[in-house]
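Report on the following structure.
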Amino acid sequence: MPIDLSCAPETTELVEQVRTFVREVVLPVEDAHLGDIAAAGGDTVRVELQRQAQQAGVFAPHAPIEYGGHGLNMSERAPVFEEAGYSLFGPTALNIAAPDEGNVHLLAHVADPEQKQQFLEPLARGDIRSAFAMTEPAPGAGSDPAALTTRAVRADGGWRITGHKWFITGADGAGFFIIFARTSGEPGQRGGATMFLCPADAPGLRVGRHIGTLDKAMLGGHCEVFFDEVFVPDSGVLGEVDRGFQYAQVRLGPARMTHVMRWLGAARRGHDIAVGHIARRDGFGTKLGDLGMTQKMVADNEIDIAATRALLTRACWELDQGQPASDSTSIAKTFAAEAIFRIVDRSIQMCGGLGVSDDLPLARLSREVRPFRIYDGPSEVHRWAIAKRVVGAAKRAAKENQ
Amino acid sequence: MPIDLSCAPETTELVEQVRTFVREVVLPVEDAHLGDIAAAGGDTVRVELQRQAQQAGVFAPHAPIEYGGHGLNMSERAPVFEEAGYSLFGPTALNIAAPDEGNVHLLAHVADPEQKQQFLEPLARGDIRSAFAMTEPAPGAGSDPAALTTRAVRADGGWRITGHKWFITGADGAGFFIIFARTSGEPGQRGGATMFLCPADAPGLRVGRHIGTLDKAMLGGHCEVFFDEVFVPDSGVLGEVDRGFQYAQVRLGPARMTHVMRWLGAARRGHDIAVGHIARRDGFGTKLGDLGMTQKMVADNEIDIAATRALLTRACWELDQGQPASDSTSIAKTFAAEAIFRIVDRSIQMCGGLGVSDDLPLARLSREVRPFRIYDGPSEVHRWAIAKRVVGAAKRAAKENQ
Amino acid sequence: MPIDLSCAPETTELVEQVRTFVREVVLPVEDAHLGDIAAAGGDTVRVELQRQAQQAGVFAPHAPIEYGGHGLNMSERAPVFEEAGYSLFGPTALNIAAPDEGNVHLLAHVADPEQKQQFLEPLARGDIRSAFAMTEPAPGAGSDPAALTTRAVRADGGWRITGHKWFITGADGAGFFIIFARTSGEPGQRGGATMFLCPADAPGLRVGRHIGTLDKAMLGGHCEVFFDEVFVPDSGVLGEVDRGFQYAQVRLGPARMTHVMRWLGAARRGHDIAVGHIARRDGFGTKLGDLGMTQKMVADNEIDIAATRALLTRACWELDQGQPASDSTSIAKTFAAEAIFRIVDRSIQMCGGLGVSDDLPLARLSREVRPFRIYDGPSEVHRWAIAKRVVGAAKRAAKENQ
Amino acid sequence: MPIDLSCAPETTELVEQVRTFVREVVLPVEDAHLGDIAAAGGDTVRVELQRQAQQAGVFAPHAPIEYGGHGLNMSERAPVFEEAGYSLFGPTALNIAAPDEGNVHLLAHVADPEQKQQFLEPLARGDIRSAFAMTEPAPGAGSDPAALTTRAVRADGGWRITGHKWFITGADGAGFFIIFARTSGEPGQRGGATMFLCPADAPGLRVGRHIGTLDKAMLGGHCEVFFDEVFVPDSGVLGEVDRGFQYAQVRLGPARMTHVMRWLGAARRGHDIAVGHIARRDGFGTKLGDLGMTQKMVADNEIDIAATRALLTRACWELDQGQPASDSTSIAKTFAAEAIFRIVDRSIQMCGGLGVSDDLPLARLSREVRPFRIYDGPSEVHRWAIAKRVVGAAKRAAKENQ
């Protein structure tokens, strides 16, 4: 039977469990740690929340079942992650925060059995955290990954990695790093990258300063990381040498979508708060929520939420079908990052002075979601990629018709 | 199995057949009748195109199988209707143009066997056209249907209807009218409306002037219609007396969505033409399609197309599940009407002077799609309805929590 | 005294006279010639309206006083032209429609005394019309004038011009053409263009088809024009040979601004009609004009009108100071073309079904104003020019600081 | 001579002096106090910066000359304040930060000689700071000032004021308060308000918590303030009893505009930083500033800056003419608050990851400017006021034409 958007009963049940868990357990903790928002409460809070998530049966919905997870595919993750994202601490509690969640996904697909045991299992179980070391300061790998400058050179029984990364989310406190380094070719060339698995205490690896950013909630911060001839044995090569760019695709498409899921939950919380406000508050002789300009903001939020979810549904289904889904994930990410920002921004506007105050979490949410239009590929780069494919196909068609 | 967006093979096949039929048969006819666009070529062209559609096996995809149709549900109609909409003459050719398509849907759900034989069958087979007479000039039924003023009063063995309608699409040449008239209550009250089936040659029924509008392609125009004590026997009452507003919902939700499907096809054609143009045309030392501002327009079109389709998928699935889907059809209609206009407008912009000229069909398409932000409920009314539900629920929740 | 935005009393008086003339004399004629809108009523209507404008003392406000005009500078033209633009026939009536108005401006600045007597005087007096033949079909001069392909080659006592132009506004019925042709260099090079004055009956000059466009009101249409070895004597060279691109700047900046003035008047009319509608019409238990979403559209229109006027004030003042004003005219044109379209589009939306009908002039206005985002330089080209200057300056500054 | 946008030479000179002062003196201090941004460096920094501003001859450009100011009118303030706003510390340095600047304006217009000596002079000279105590928590005076609940009741030789205010900018450390209290009528009624001048150490006056907000730069914070039977002698009544709402208009229009001036300077700084970034940084084989999508953002910023300035010019000129300028200040404020936010937001986007980091001041600027769409009247309230006037006039016209 074609087209079915219904949710499996067990997924619906898990969604409900996560909703209850987030509202009853996680949100109170978030409210009690407003000052610690910079680190989503820190590892102590993380460990305690994850313990409670395990008790509640909602831990690690994305992880393989053999490592204590629920083994959900992308389509099933969507509603679950959205509920988790309703609190800024929710993803950490369920062990589905970036970058660990994407790293679990990557390792489950690419790692060999030993690597899975050493790195994936403790990560999936929440025993350690991790980081994905790809982005470099200019003129290195940023929006254009081909500019990669960090180098891995052959050494006896392995590789020696030297380079400088930054905006490495979760680096402070990570148990290991997935390092993206050039094993052949020159900066600017597409190809020649390899991924390495490297424990955080490897000699020569140094986590530098936290780069302060608008968003504050990422546990372990966005850090500079320096590699000074860091040795990684051959057993630390993830997949095959020189295939790093391909593996990056395995991670990036799904990681974009799980970001959307989580931030959509956060945006929905902002919307709910605003709607609750205007439904109770009087002004100009009526409830604020009965004023036309306010209704317009409410409806535009509803439309943005529905469209984000609908695009997500499409992209996740394609990913679950094993399609590369480059277009559908670029489209969903670009639309969602802008829509989510609009939703939170309108929610602020609906609440007036309270909206920009710390008395409501809206101002904080707006800081958290703004960078998403840049992280995971700026909107401009995604638009460029989308257009290039379409125009390229039209050029080829024009040539054939000549 | 949860979430399946795949298309049944027979639907995919029909989509392909329609695509081929529209490009090979219909578009050449459209191009040859640019002057006649005001009537989608007129009934002569309609009859010939419908004959060819029957031969090609693509006729009436929405109609019940017993009347020569394919019996597609809403989800299946979506890709088929989109392909038909690729030509402004396509929906007429497949007998799925408004208002006939919506009337077939309504009659299939509400008419009794005799009514089906008398009205639905010839309509489904393309032997006649029809009109849905609901909208009235101010202060009558417009965006607010409760303002209905046309009256039906009890007469011997039936009803006598008196009133004035306008913007009645397809009225000129229609074989019969579905008339929306008040059988109880007063203008402004929600309730008391009844639907009547009435042959076009009933005494007292008069089709007035065509109201000139930006869009020109609707066969039979948008007309004024006058009812002067028109007699309709009891056998002409559609469904039950005083339940007209409920039946209207049966028609309006799906009709909104099929409008979206058709106009999305038209928008996609505009986009394809623009992409073809910029892929071939040079300017400023490069292909126009390689300029960043042009790429942004291409990508925004792709995003709007994808989001429209995704929202449509959701709403159609809800309708197929038998849900009222008021929210999801309002959201999809509002987003789509604005997105479709943007897509065509950007397509014009990409083509420069040619874009506003009759040398390309883009200017014509922009005229055709603009009214959709008003027809089938202006965007403002849909937004109001969406917000009212959300704010109303929040008010009730606030009261319960007191 | 710094900053004075007051209007000279004589300008204020002329503005009032034009307002009265347009509403009492011109609008009734426009309403009576809806079918002839394609030619703003044709030359017969033009001649009669211009006669009445002369009687009313409002004719040719921009033209030199010695040729019967008012000799207004750009700042003074702004409010006068805006009032004229309130009717689509207004600019023709005052002899300030494109392209004649811009040609008067150009000839007043560049023509020699004989040329002024032969071409400028009859044009300023309304005895003849004119055309500016610059734009060429691809790959010729379009958004990028440097692509100019029409050639003028030396001949005995003058030049022979050969080329193909299109979108030449007012060509059909023009008494003479200002032809933009290449006298040196190759297509793609900036330089080598010359302007020629050429009577319409010169052998080898042929006006081709009218290119149908969304806008219909331009007298003389947008035509193709062919030059086949058309001889122009040396006395027909406007200014100096090879300086055509410089003279084009003399015309283009002011012509952009007068377009803005006229179209702003048209947009304001649309807005007034819509406001009049919502102030009278009831819906949902109140006046439409008291609904918040409608109020938002009204306010956005007011903001767009005010901002357009304010940017115009700035650009006109710079032009009157003798500054090139490239940036301020590009900015004002780009903002205005988009704002004017939005104003008319919102006005349509406020009027619902009536808005897209021919019962109100809004649908017609929307067709007329849409091309302005493309004519006189597409928004994308202006944005590119604006950005290039800013980024270029920043690059130079960066180099100096190295 | 009509229309003159030139700046008086002495104003131009002052603008240059302020520009130099801000870049050479103020910005380094701002950079050195990033951690103290929450208080624009605190009063110690303020006193030192103001001393240097006095030495540089740029102090108090708006204040009456007899109190050490430059006595500039609104038109002259515009470019000067914009330059000051280039640093978040600039307005404090020049003693033109909110709310002191608006209070100086108000007192210069309404205070009697004794009040001027006691309150205006030390304020203008920077010896003390002040606060304007108007806004109240719901259901009191917010967007709708008529909801005023703070009461002043007659007492022997003066008044006793009781009430609760919040979002009172600069309250912490203010030397005196201008208190807005109801002397007659009931909450919801337009009228019956009086303004009182009250030293900060008056018994019963208590400054409560700082309300944390997105913006952090306001010296003295946004505080709650409590009045418990605070006695103000008759000599402390500002102007006349019961005329508070009228005096509020004296302050509000100009205060809106000076906010626009300062924030426009801040936005321009963000834009300059972004343009500097893209002019130097490479990506995708070229300078970022040569990519079309980046150029679009640059041009849109330039358009927004120009339109904000142009609307400001208009509104300031009207205010200088003694006009109430309600419409033009509402229009300028609404447009500017949204444009300024867009400018900073695009500047962030142009800088990618750096844009949201603390390594550039853009993220901080975005936090500072966001609340301006709410402070000084939310955009929705201004739009409502604009529309109400327009629609009201149309209603009256419709009645007269009946």
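We just call them A, B, C and D in the order they show up, numbering each chain from 1.
Keep in mind that, in the parts below, a residue touches a chain if its C-beta (ideal position, glycine included) is under 8 Å from a C-beta of that chain, and two chains touch if they have at least 3 such contacts.
Everything quoted here is computed from the prediction, not taken from an experiment.
Between the interfaces B-D and C-D, more contacting C-beta pairs are found at C-D. Of all chains, A has its CA centroid at the greatest distance from the CA centroid of chain C.
Chain C and chain D have Cα centroids separated by 40 Å.
Measuring from the averaged C-alpha position of chain B to that of chain D gives a distance of 51 Å. In chain C, 291-296, 380, 383-384 are the positions where the chain touches two or more neighbouring chains simultaneously. Interface residues of chain B, counted against chain D in their complex, comprise 291-296.
Residues of chain D touching chain A in their complex: 135, 138-139, 142-144, 147, 167, 188, 211-215, 222, 281-285, 291, 293-294, 348-349, 352-353, 355-359, 363, 366-367, 370-371, 373-375, 378-380, 383-384. Across the complex, chain B is touched by residues 1-8, 11, 75-76, 275-276, 278-280, 287, 289-290, 292, 294-296, 298-300, 302-303, 306-307, 309-311, 313-314, 316-317, 320, 327-328, 331-332, 334-335, 380, 382-384, 386-388, 390-391, 394-395, 397-398 of chain A.
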